[in-house]
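Order of writing sets the labels: A, B, C and D. Residues in every chain begin at 1.
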């Protein structure tokens, strides 16, 4: 019951440390008969991969995925899809200096205390490299979500926010800039901010907003497995995430019922959508939208005090090749996790009625 | 795989509609040998029950819990604990007017579309009455969390916020006022606010902050079942919740790494705690704290447009006895769900090492 | 993760000790929209209940089931079905003599060692009384299995066996005698045998055969959750079961491939059915049939040595009202467990393809 | 919820088709800190591998296992262990003749009907090649079962049975002959039998007995997850298994209670052990023993009628390199599945009491 599986019917189990031989996973429960577009999967991986632009880590990893099973002549067979991404560009010697050192706000200390042993190289299992497997599975899930559209984008970096409602944004612009913000003027400011931060050897947090359109009415399993509860868990399981809100979110907590209620149109749609497309834990057919908060990456290229395993405070200097801001690379991860939840809940909904 | 079970080893499954014969649940996986303080459980239920003060719904339900199994001579036996709370004060006739009507921002529409049938009386399964079963289970969980202390409190109502860090609050004051805010001056303002709102026949949202002290290092199951991811799901599964953040939360997304990192003391504690007691999904021994956003209750005692099952917009007037603000009664629910997560993760952690 | 839940999508969780207030369960995942025949459920309970004939225990328990949720105006709503059977005729004082005594071949010793505490009255949780909850859930499952027919019957008592293949039996005769054997001549011999055994204060084992007709092709989830593996687990979870075989079973282990293979007809049916209706863990549309071995009831009304908790061998005399042969009352339990498996696998199969 | 995962806390998920790129799996929940003997794991694989003797299939596959994660400097880290066995000696052209043909008593027909597509080469997912992954995981499980000893052996081939109780056998002799029968005289007869059968182009069934010693008292999770129920499911999930019995098994169904009961010794052990080491679903510290029935391999090297996908009966001739008797290679598989169950239940038992 260690927690490396996600999903109930469409299930992803992942394995792998950042500096081991490989990472990968098994997707169990992918329906049979889906013709997979493998290039589309690789494209999603490329959106997540290191080295893709000047504002992300300069590590070069091709992140090519190898499929070992579950696909026959390009079509899913209903048997488990085993896949592997070999680790090819690990510079493990970059990490010799942290062998016995717990970096602040990393998982070094907690892993060591919990397990009594850890693969310290590059963060090991706690590295965000693990999310590449999620992107593979999410990209497969997307391929049977048919008309459902999932678009995530960078909605803030530090204190620079998009100041428009998502309805005014053109999602086709998300990939037009390296920060993945569909509002070009804001994107420029964000990129400049990240470049400044990078020069300082520092890092910066941000938020990602995700909008899901064309969701059928009826997805969600009351009472504990409400659709937004599962989306929340999915997002909170991504490295560096500190918060999740959907629909009116934390703003909704300041409102009155008379202004928060979404009045119906005669066709069952609603005039407003403060509910965020989910009522009682079940999708109502309106857009689902939510916002995810990412803290700044903990590895700064500055001198910092750390703790060693002997219980001494030691000075350390961040090395390696790190992201000054995790948000642009996290956009495809947010989409992937959303796709996993929706795929799973689409399947779950099939057994609601006879 | 309908979603009425919570937990992996310490598992709660609930049943019951607000106007059926009874609600209740089964706790499977409660360790054997725990001498239960049944009065303490009833006290938690009383904190949640309707009619407890002038600012909550005036329904009168005793919410007395009956134990059917799993306890022998006051001690848990390791077998499932079946418990029931009989519904005694349902005024089902209050709900005849919504039989064929979908109230705005309720679960009426989505339940009907998903299941094709619903017990419309009092919200049926979607009623927050279901959370009474969670409070029972959470109160049992608390009894074997030994030194772990869980304190939730109302941190905002509408735009009235406590303006102090939680460290400056005296949690023993939480129960000293009916809004469950430990800061007395703020509590008064909040109560006045709710009374005003109630007079308007309106409702208001709010937030609850929860602080968990004395958590051992090592709770949390990477990578999908990170401790905060499960806490987030637990909270988001509570009726009316729109958002969850822990540690620095959404504020953290505006910060720089150099200011966000929690530097170590030599004993493994940290000088600051923006991490919120969890690093890499695993507790680090510092206080865990998080904040939960509740939207305003959807039932307002005002005329509103609704949709009926024939696809017509009809005017309706909220009736029944409803909460103007859900937050004070939700405090014990937040604590209960936190207790369920911690109990489960304490047990899970026992199999981490040989 | 205590083991009181059965099923993946159609899930039954049970609670209850034989001499507690009540036993019961929660069925989660029953599809919405099923009009339930509650009388049919009670009939199944009556087939299992004590006191139904001279060859079973003479305890008198009405075993009336109370539904607390999940059913609205006679129709399932898709929400969890909570149900309770109150314990009404426990003679707990019958069990005072075993308070500190471990009866041979009972669960007294193992429960005590595992949990450190047990409700010793009437076997507590280890009593077969718990299976009444399975019968309720199985009877509900049967109601949406539509054309699938499940017939179990007593195929042997001691060394008295039906010497005909099941195809030569008339299943409508199963309920025509108190041993539930459809072959009347054999039934008579079996009943005489049980009466003799009862007079001796002894007990006797037996087997039940179950035949399932009209199963659609395609039920079963390779590789670990093969249909027969789940049926086997279901049967082995019933009290007193020592063995399970399906199709050719243990006889098949003596055969040659050339004689064991089931050759096809052009319509996909097979000329023989040594496979027992399952190939590769998946139903092939032929009859599924299997045989379940029950040991003799351990409580004999004779003097026997037992062990007490002080580590002394003590003489004890079985008291109470016990079954001389468990098999006739186990017939509806076998059917119920088979129904639970089939219901679950029917739902699981719905997500096999898009 | 496709069925490719086994276990609750010590969980194995497998992937792979016999003629795809690779097979393998992920073990999630292996405790941290176990120094693995990788050679011992390979030895178990070698016991299962094809080509090991004249009486098994003459395919040559090295079955070398590659570890991708979860092990650091030879020690388990508590993170998932990803492992892969590359397929190296597939002769896929051997299977062109079955592309559109359903072989009798194989899984061809049922897979095709269930999934609408299958990798027909070598049986694909339904091939017993998948069990190699189980052997890897089982061999890892064995390494933390400490003093628990698991010994399986061939107890019958066709109608040749060992006629001694297991207590009279010397388990150290199991590996001394190619049929894996510890009784040398019987082993010789069995080997001769298999050789004859092989010459005929036929196959033969058999049984495997498994004896588990030094099991602590208390393993097993009532009521559905009784220890023997899980062992039964584990065994029934192995290819070609038709039956499972433990303790007195089907013989017990012929006995009287007065002769079947296992009387206690003062130390809690029992004078006899017809219970098979399990009472009420929980181990009692006595030897656990059970017997598993394997049908004859369905592929015979003789002409047989088969069905093609056009609905025509066609004559086919088994080709390829097949086992005349599956039992000797299944011995390590039975042990592996037993080890997985015990490892899982050992961990589960850790949360029984506080």
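One rule holds in what follows: a contact is a pair of C-beta atoms (placed from the backbone, for glycine too) under 8 Å apart; a residue touches a chain by one contact, two chains touch by 3 or more.
Every value quoted in this text rests on a predicted model; they were computed, and no experiment measured them.
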Could you tell me which of A-D, B-D or A-C has an interface matching B-C, in the sense that over half of the contact pairs are shared by residue number? A-D
Do chain A and chain B face each other with the same patch, meaning over half of the contact numbers show up on both, or with different patches? same
Just give me the whole-number Å value for how far the CA centre of chain A lies from that of chain C. 46
Could you state the distance in Å from the CA-based centre of chain C to that of chain D? 26
Averaging C-alpha coordinates per chain, one finds the centres of chain A and chain D separated by a number of Å equal to 39
Chain C, residues touching no fewer than two other chains: 1-2, 4-5, 8-9, 14, 29, 32-33, 78-79, 114-116, 125, 222, 351-353
Please output the residues of chain A touching chain D within their complex, sorted ascending. 1-2, 4-5, 8-9, 11, 13-17, 20-26, 28-29, 32-33, 66-70, 72, 75, 77-82, 84, 114-119, 124-125
Quick check on the complex: what are the chain C residues that touch chain A? 1, 9, 29, 31-34, 78-79, 144, 222, 347, 350-354
Using the touch definition up top, name the residues of chain B that touch chain A in the complex. 1-6, 8-9, 14, 102, 104-107, 109-111, 113-116, 125-126, 130, 156, 158-159, 197, 200, 202-207, 217-218, 220-226, 228-230, 232-234, 236-237, 242-250, 252-258, 260-268, 270, 274-276, 278-284, 293-300, 302, 304-307, 311-313, 348-349, 351-353
